[in-house]
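Two complexes are shown next, each including chain A; its partner changes from chain B in the first to chain C in the second.
Entry: the complex of A and B
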């Protein structure tokens, strides 16, 4: 059995870890050289416009869309939809974690307060239930 | 090496270039500063300085001096009608319905204190009258706040009662308020 399963190849779904698009998901479309690739969200799906990007700033995922090298945005979109890759991605624990992080960052002060109150309530209930035994 | 450029002006002429200020036009009245982004009547502020730092209060209006008029409301968290500088508060996106509460009577003059008498005599007098806030003001505050207090939802009440503080891994520049 081969050692590696995730490769930098056209169609590979990746998470951007650095830069303005950090935290967003994109697909590798083309390979420029050893260090750089062209990625595309597509921007209508994940908000990442087609641009060049160092591989260092990508984290590869298990998913891969079936597209030829240098595929157009339309083809990519169709390929992603066909295998419902983004849906599968959002069901993985990695995808869920990223989503949770985002919602947490978007919380306002009032939301944070409400969360704090809810947490307090829950822990009080848990404590009560544990004490009974 | 030196730099090619304009020679510095060494010769000074004194008294020739001074402009005479025209006494005729009065300078424009200072316009109150612009409000912080997202501020409107009823938004919740977090105070950052002064006796009530960390308190969440309700913004009512901007006064002529540019200071913000806020209230706790007093019945909820003990913050009276106060003026604060908008530099010393954080505007949050939370909003309170003012329910048409009328604060039009309150202006900057409302907050000026009566000039105190000469110290020397009163300073050592044991029976110096203790000054507090007049009953009139207390009643006025209550009356004006009444509508706001009644319209508050339970969670909003608790929110206004609670003090704001940063805890572990909360970076104020990254937070959304």
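Entry: the complex of A and C
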């Protein structure tokens, strides 16, 4: 039994936790040294262009695409699609949480108002159901 | 999706310039020898200054009696590909002048040179003014000599993240925390 299950390796899906891309997912494509890796969204999928990034700013996930080191964007995209990794990712609770956070941040004032109204409706129904008993 | 913006903190501070110049033509010497140099500097001004520093040593030409024929910035090919860089340099320590060869792994030569200046300052207390870069180039993996570079060449290379300190957005950083950070990672 090894101690670690998640490694910094080509194909590893990771969440960016800091910087302009914070909150987006990306894939490790190549390793520069012990501190830095090259990541790629690919930009057409997650909006992260291929660039170098410190490992410090990444959180590794359980998913890994089968790609060789320094794979091209096309290969990476195919590998991600083949195992439907991003779909699997969006089904995990971590992925859902990030998604919820993003939708919440994107809400307009009117959206928040609609949310408030919906919440009120729901609590009214709950209260009503509880009172009956 | 808008234009992708790279975090400025990830961008390299060094730039590579190509500078072509010569001593100004005189009736005595109407066609002075033309020199072309690849300079690494933070900006164009410093690069030009460094060019004249070397020109003074090479021949009788300085800024006041010379002319620049071209100053261009050079950009790397394949700025998303990891490469090995070999740098031959000369630097002046407190006691003597030394020649050195160093290797770096980076995606651009500017990054490698930035690393070089950091390392020379850290390990040898040598500042930029006392370092002369003789030659800097990308080298194939087979030509690499330094362990810290060759150990990254394994095609099945992987390593775990052992501990992690949370990186908090700057405006949310505080001196005192309510709870200890979770540094454990799987």
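By definition in this document, the second predicted complex is superposed on the first by the 133 of 133 C-alpha atoms of A that agree within 3 Å, B and C clash if a C-alpha of one lies under 4 Å from a C-alpha of the other, contacts with A are read in each partner's own complex, and residues count from 1 in each chain.
FYI, a residue touches a chain if its C-beta (ideal position, glycine included) is under 8 Å from a C-beta of that chain, and two chains touch if they have at least 3 such contacts.
Everything quoted here is computed from the prediction, not taken from an experiment.
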item	value
Combined model on chain A where chain B meets chain C, clash or fit	fit
First, second, both or neither for A:117, with chain B first and chain C second	first
Chain B versus chain C as contact partner of A:90, first or second or both or neither	neither
Which of chain B and chain C A:109 touches, first, second, both or neither	first
Inter-centroid angle chain B-chain A-chain C after superposition on A [Cα, multiple of 10°]	90
Dominant toucher of chain A (residue count), chain B or chain C	C
Touched partner set for A:75, first chain B, second chain C, both or neither	neither
Lowest C-alpha to C-alpha distance for chain C against chain B (Å)	13
Chain B/chain C common contact set on chain A	none
Complex contact set, residues of chain A against chain B	105-110, 113-114, 117
Parts of chain A lying in touch with chain C, wherever the complex brings them together	3-9, 17-22, 30-34, 38, 40, 43, 47-57, 59-60, 68-70
Footprint of chain A on chain C - complex, ascending	1, 4-7, 9-10, 80-82, 105-107, 111, 148, 152, 155, 157-161, 164-167, 169, 185-186
Contacting residues of chain B [partner chain A, same complex]	44, 46, 90, 92-94, 155-156, 158-159, 162, 164, 174-177
